[in-house]
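These are the structures, in structure tokens.
Below, subunit A partners subunit B and then partners subunit C, in two separate complexes.
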Partner chain A sequence: MQDRVEQIVREFVARVKPEAGEVAVETPLYADGVGLDSLEAAELSAVLEDEFGTDPFQGETMPETLSDIVSFYATA
Partner chain B sequence: MSETSTAEPRVVVVTGGSRGLGAGIVQAYLDEGDVVATCARSSTPEVEKWQGDPAVAGRFLFQPADVSSSADCAAFVNAVIERFGRIDVLINNAGVARDGVIGLTSDEDIDVVVDLNVKGSLYMARQVSRRMMVKRSGTIVNISSVVGRSGYRGLAVYSATKAALEGMTRALARELGTRGITVNAIAPGYLRTEMSHGLDEEQLQQIVRRTPAGRLGDPEDIARACQFLTDPRNTYLTGQVLVVDGGLTG
Partner chain C sequence: MIEFLRRGAEAGPQRPAVVTHEQTVSYGELLAMAERAATGLAALGAERIALADHEAAPVVAMMAAAASTGVEVCLLPPDEAEQVLDLVVRFDHPVVVTDRDDLPASALPDGVRRVGLGELLATTAEVTVRELPARRPHLVLTTGTTGAPRGVRHDWGRLVRTTAHVRPAADERWLLAFGLHQFAGLQVLLHVFAAGATLVAPAPRRPREGLAAMRALAVTHASATPTYWRFLLAELRADGGPVPSLRQITLGGEAIPGPLLGELAATFPDTPVSQVYAASEFGSTGSMRDRRAGLSTAVLERGDDADVALKVVDGELWIRSRTGMVGYYGEPDVDAEEWRPTGDLVAVEDGRLVFLGRSSEIINVGGVKVHPLVVEERIGAVAGVDVARVYGRRNPMTGQIVAVEVVASAGADTTAIDAAIRAACADLPSASRPRSIRFVDEVSTTGSKIVRREAP
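Let's look at the complex of A and B:
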């Protein structure tokens, strides 16, 4: 599961932010990191929901890193 | 099929497509050869007709849903994605009217109308636009009303919700334009549907007299406007409200 989550997020970043390069698990997803904007975050949330059936972006706190997303699915 | 048809059938979602205007819109897209999914709180003879029609077999889906429920909207959109894989067109048509002067309008009536007409449209736009963003294309049409622009005695709540839809239309057009998604609204005039049943015969005849076209509108008049706004060639048309009222407010 963890490998699949990481693969999907990295493929998404490679598609929408190719200049970001390889995404480390603790790299911030937004400013000062990968640089995803709010629309791109919404798009990523849809991709994850379609793949796994749940959406880590609909909780009380937004995931800040790939590690946060992995943790969401690990505890879901 | 008309010359606006694309080679591959589009996947069209129409909320509130079980009767009246919504049913007319569903029929128009089915006639174009598109795949159509619709929802309403319960089935109707129109829905049963489509479900049993071999001409639309495999390209029609009905799911009971209360669009004022966020969970129902999510379940409906997920069912469409699971069945057809994507959504190309969203027609936010589901709506309800409760007539009465504002001084006598109950909290419940306000909630029912706002929850379905405004919140329901937002729930659907949220669910569907997320999927459209991923594929970088899509088109959304919100069904407003001329009373959202002109107002009508006894329809303050309904008018407020329809005006809200037009604001939502302009905001979403700005927000989603860079993702290849167009968002427009249609403001129908007075139609021969159940939604006009709150108006008595004298009021309807007065409207007809004041309408340059000399008649009330039919669902087909609005369905044709939907076809135009969702024509895949119209990618430069977004953030607009198309008034289809026989010239009443022209």
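Let's look at the complex of A and C:
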């Protein structure tokens, strides 16, 4: 599961932010990290929902890193 | 309506009035059927009936009979029994005329009477020419693409008045691609019989059967929604068969994308293409024949004498129609001189009124309003896309995002289409770009119109 989550997120980033390069699990997804804006984050949430049926952006705390997303599915 | 059938029968009782793959009903036969139905309706003693049947000839006969007797007929959509019963209750119908086995008397709500359609049409009576009553109501239900269906009250006198310009054309054979329960189907019906022409009514009314009817039943004229035409073009590409020889193509019922007009022109290079802007509530506003998307802004300058006038208020098209509805079901009559919003959002570009979408279909992406048709038009022009449906998808980050469902051409590479769609939309404002692209076998439609709401 963890490998699949990481693969989906990395493929997404490679498509929308190719300049961000390889995403480490603790790299911030926004601002000075990967640099996703709100619409790109919204798109990532839809991609994850399509793939796994739920998405970590629906919770009270927004995921900040790939590690947060992996943790969400690990505990779901 | 019955006056049209009478005129047709006098001109040539053997001339075909309604044609299906199974049978041809002549004007003489259809008039006789309508006369029997009128006698049956009068004997019934009801002021309003709901009709749940979709075989064209009996339905046309019933509508003509209703128009001649003043009995309000409401043709229900060809839905499952449960939905039909909901409509019977919602619109307080006291009588349901049907031969459907799944609508027995025992299934109807208390107090609602069931009458067999065959039984009613078999009424024995001498043919008499009746004087037309002053009030001749007709109830049309909206398709409910933007919510629950509403009842739209019309009057046959006003409806027939809209055919004053129709010239006799007995050699025309019109495809019935709309349901007769839809206002657009009613318009085709009125035009066909006012012209003394022939109605070609395949069943079911899907594009595949429509294409087959065009080829096998010598259709010359066809009026359908843009969505219907897109699917019909896809069927044509897929089966590789001959392109039907049409003398007239008409589109209406929903906004018409420019690329579709181009596709139709390429496929039917010698066929005139007409666009109709009409709705159940206000009737038809006329047609455009210049193969350009949208309406000419000349429609805004018709003046007070015109039966139908249009204006733009804050980006929305408003209308004043003297040939439109009498009113909504359960509500007072509307003032025919009153201006009312259409719900259609437009922009003025190069002397054209370009349709942006329905006000109820606007997608709110983090506070930014996105018109789905603008995006849909881009995506529809991508090679390999047969049909696209753009809608607002719920999203925890922005409220909604722009989502698209795509029906791809047979054998197309969906990965390549996905990339081409993103490239085609790359220069749109960020909020307007599709953030969710899904490939599906079919898109959600109601009455051959795309539904641009997210499924609950």
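By definition in this document, the second predicted complex is superposed on the first by the 76 of 76 C-alpha atoms of A that agree within 3 Å, B and C clash if a C-alpha of one lies under 4 Å from a C-alpha of the other, contacts with A are read in each partner's own complex, and residues count from 1 in each chain.
The rule we apply is simple: a residue touches a chain if its C-beta (ideal position, glycine included) is under 8 Å from a C-beta of that chain, and two chains touch if they have at least 3 such contacts.
Just so it is clear, the model here is predicted, and its values are computed rather than measured.
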- Message: Let's test your reading of the overlay: on subunit A, do subunit B and subunit C clash or fit side by side?
- Response: clash
- Message: Looking only at contacts as defined up top, I'd like to know whether subunit B or subunit C touches more of subunit A.
- Response: C
- Kindly classify A:Leu39 by the partners it touches after superposition: subunit B alone (first), subunit C alone (second), both, or neither? both
- Query: Is A:Glu11 in contact with subunit B, with subunit C, with both, or with neither (first, second, both, neither)?
  - Reply: neither
- Query: Looking at the overlay, what does A:Asp50 touch: subunit B (first), subunit C (second), both, or neither?
  - Reply: both
- Message: Once the two complexes are overlaid on A, one stretch of subunit C runs into subunit B. Is it 95-103, 185-193 or 275-283?
- Response: 275-283
- Message: With the touch criterion stated at the top, can you tell me which subunit A residues are shared between the subunit B interface and the subunit C interface?
- Response: 39, 42-43, 45-47, 50
- Item | Contacting residues of subunit B [partner subunit A, same complex] | 81, 130-131, 133-134, 175-176, 178-179
- Task: Enumerate the contact residues on subunit C facing subunit A in the complex.
- Result: 365-366, 393, 395-398, 401, 403, 430-431, 433, 435-436, 438
- Spell out the part of subunit A that touches subunit C in their complex, as residue ranges. 37-39, 41-43, 45-47, 50, 55, 57-58
- Note on the structure: In their shared complex, subunit B is touched by residues of subunit A numbered 39, 42-43, 45-47, 49-50
